[in-house]
């Protein structure tokens, strides 16, 4: 088995692991981590598509590589937004939970930004 | 089995084990540290896939900048953990979820195993048109020339991310500065580290950006390293984040996509196609766009990590 | 010779990984940060060894990037949550 | 000459692996956080240092060799800073952190 196929299998396993984390972990921060695991698993599968497209003297197809690079940056932006939401939730309620009926403390500044 | 194959198998197991730790770790902080380690190992995997540009991006953004973001969040959320009994799924749901995830992973693994050894590829086309761009690194050429629309929109996503993060600020902090204020007496160790590292890091960031035309590297990777340098100086409290309402900051945030878009429109007028570069001028134009993109990334990433404004605006 | 380099890269990764598995469960968060620090150094070392063995181009830039960012996680760990300008209890013996 | 250089590389790199091993064992076996920190820095300094030393004769150019040394120096700086920061955090907030 080539190293590319191996990395692809790891990518598949990561998607499974991450999906489980997103479903089963109650804490928002860990859902963010798990979501990032799914993302990087998909990137790895993309990576082996690139590797198997080696041609014309290149050891990997540049197009999927470029897409993975943009993907990593976009995933970071999404994580940053998700982390900011989690921290804001924690500031507002004193808890970091996604349960809608969890206790809330009244906001300290009247109207809040959405 | 050769030594290299053994190394690959070991690395694969290690990546999988650390990812599993991230999902199953007892506490959020332990999970987050696991994720940072995972990002580092992933850049080793990318090296083994001969995708050095991706490895560099993963090292700078996936491991470095994301690590600061997540570890900072985990440390701030300490004590906010929910009790397991309160929210845990029941055993049956958990089993069902595990089965579903196993199914998804197995389907994906089957696809991976069924892929032909020589897949469809755009590598020959990329190499064929590469000389027209004047670049030597096909990945940079794809990013800035062949699929430039993608890359431009991706910059817009970054700006939208900043807008989203800023809009989470409480009303009275609107337009204020995010992060901690500059300290009169910064912590000496961190201040020393930041003072020594920042000049070297800026040099390396510019180097990575500059060699990106011909070697692995480019605007994303260089910009991320530059961003990290601004972040360490802010973490050491030698300086503070600018106010969200600062005009220069807003200009810096949109400079990359704006210049990119302007170049695209100019291409439609001059070179006969949206995002077409006039022949002969392609390389200087690409470097010009990349310079602004690097700058915008270097400003955007720290703003995303710093979070929403937390101090009242000064007038 | 390149087999030797790859074998040592594997040995370092394995060693560090064994430490990692044990210490990630670690008694405290500081120990977990140490594990991250150790695998950072180990990762850079094996990266350099793999690069020397396979002759891949541009890998030293990746190692350089990792080296620059090596202390960032620890800095974030120490920095966040601490109130501004918390006085050091023993300022005299900082070192 | 190249045989002597190869032997030098093998010796230095093996010694480097030994220090990584020592650092890990220390991290696992030492009783408290501060002494574990002490073990950790050995891997940074000597482990990576010896590996870089062993790779130096194999560097393609002077620039590549300088790059290796620069990487080692940066890891030294990062390692020393991280150790200081973690050590202070441990001392300030107690070993439970």
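Read from first to last, the chains carry the letters A, B, C and D; within each, the first residue is number 1.
The rule is simple: contacts are C-beta pairs under 8 Å (C-beta built on N, C-alpha and C of every residue); 3 or more make two chains touch, one makes a residue touch a chain.
In this text the structure is predicted, and so the values were computed from the model without any measurement.
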- Query: Farthest chain from chain A, comparing Cα centres?
  - Reply: D
- Item | Centroid spacing, where centroids are CA-atom means, of chain C and chain D in whole angstrom | 9
- Please compute the C-alpha centroid of chain A, do the same for chain D, then give the distance between them in whole Å. 32
- Message: Quick check: how many Å separate the C-alpha centres of chain B and chain D?
- Response: 27
- Item | Centre-of-Cα separation between chain C and chain A, whole angstrom | 23
- What are the residues of chain B that contact at least two other chains? 4, 48, 50, 53, 65, 73, 76, 189-190, 193, 197, 200
- For chain C, residues contacting two or more additional chains: 29, 33, 35, 40, 64, 68, 71, 75, 77-78
- For chain D, what residues touch not just one other chain but two or more? 74, 77-78, 81, 85, 88
- Note on the structure: Listing every touching pair of chains gives A-B, B-C, B-D, C-D
- Note on the structure: In their shared complex, chain B is touched by residues of chain A numbered 3-21, 23-27, 29-30, 32-34, 36-37, 40-41, 43-45, 47-63, 65-70, 72-74, 76-81, 83-88, 90, 94-97, 99, 107-114
- Message: For a test of understanding, state which residues of chain D touch chain B in their complex under the given definition.
- Response: 74, 77-78, 81, 84-85, 88
- Message: Per the contact definition, I'd like the list of chain B residues that touch chain C in the complex.
- Response: 2-4, 6-7, 10-11, 14, 17-18, 21, 25-26, 29-30, 33-34, 36-37, 40-41, 43-44, 47-48, 50, 52-53, 55-56, 59-60, 63-65, 67-68, 71-73, 75-76, 78, 180-181, 183-185, 188-190, 193, 197, 200-201, 204, 207-208, 211, 215-217, 221, 225, 228, 231-232, 235-237
- Sites on chain B touched by chain A in the complex: 4-5, 8-9, 12, 15-16, 19-20, 22-23, 28, 31-32, 35, 38, 42, 45-46, 48-51, 53-54, 57-58, 61-62, 65-66, 69-70, 73-74, 76-77, 80-82, 84, 86-89, 94, 97-98, 100-102, 104-106, 108-109, 111-113, 115-124, 126-128, 138-139, 141-143, 146-147, 150-151, 154, 157-158, 160-161, 164-165, 167-172, 174, 218, 220, 297, 301, 304-305, 307-308
- Item | Residues of chain B that touch chain D when the two form their complex | 189-190, 192-193, 196-197, 200
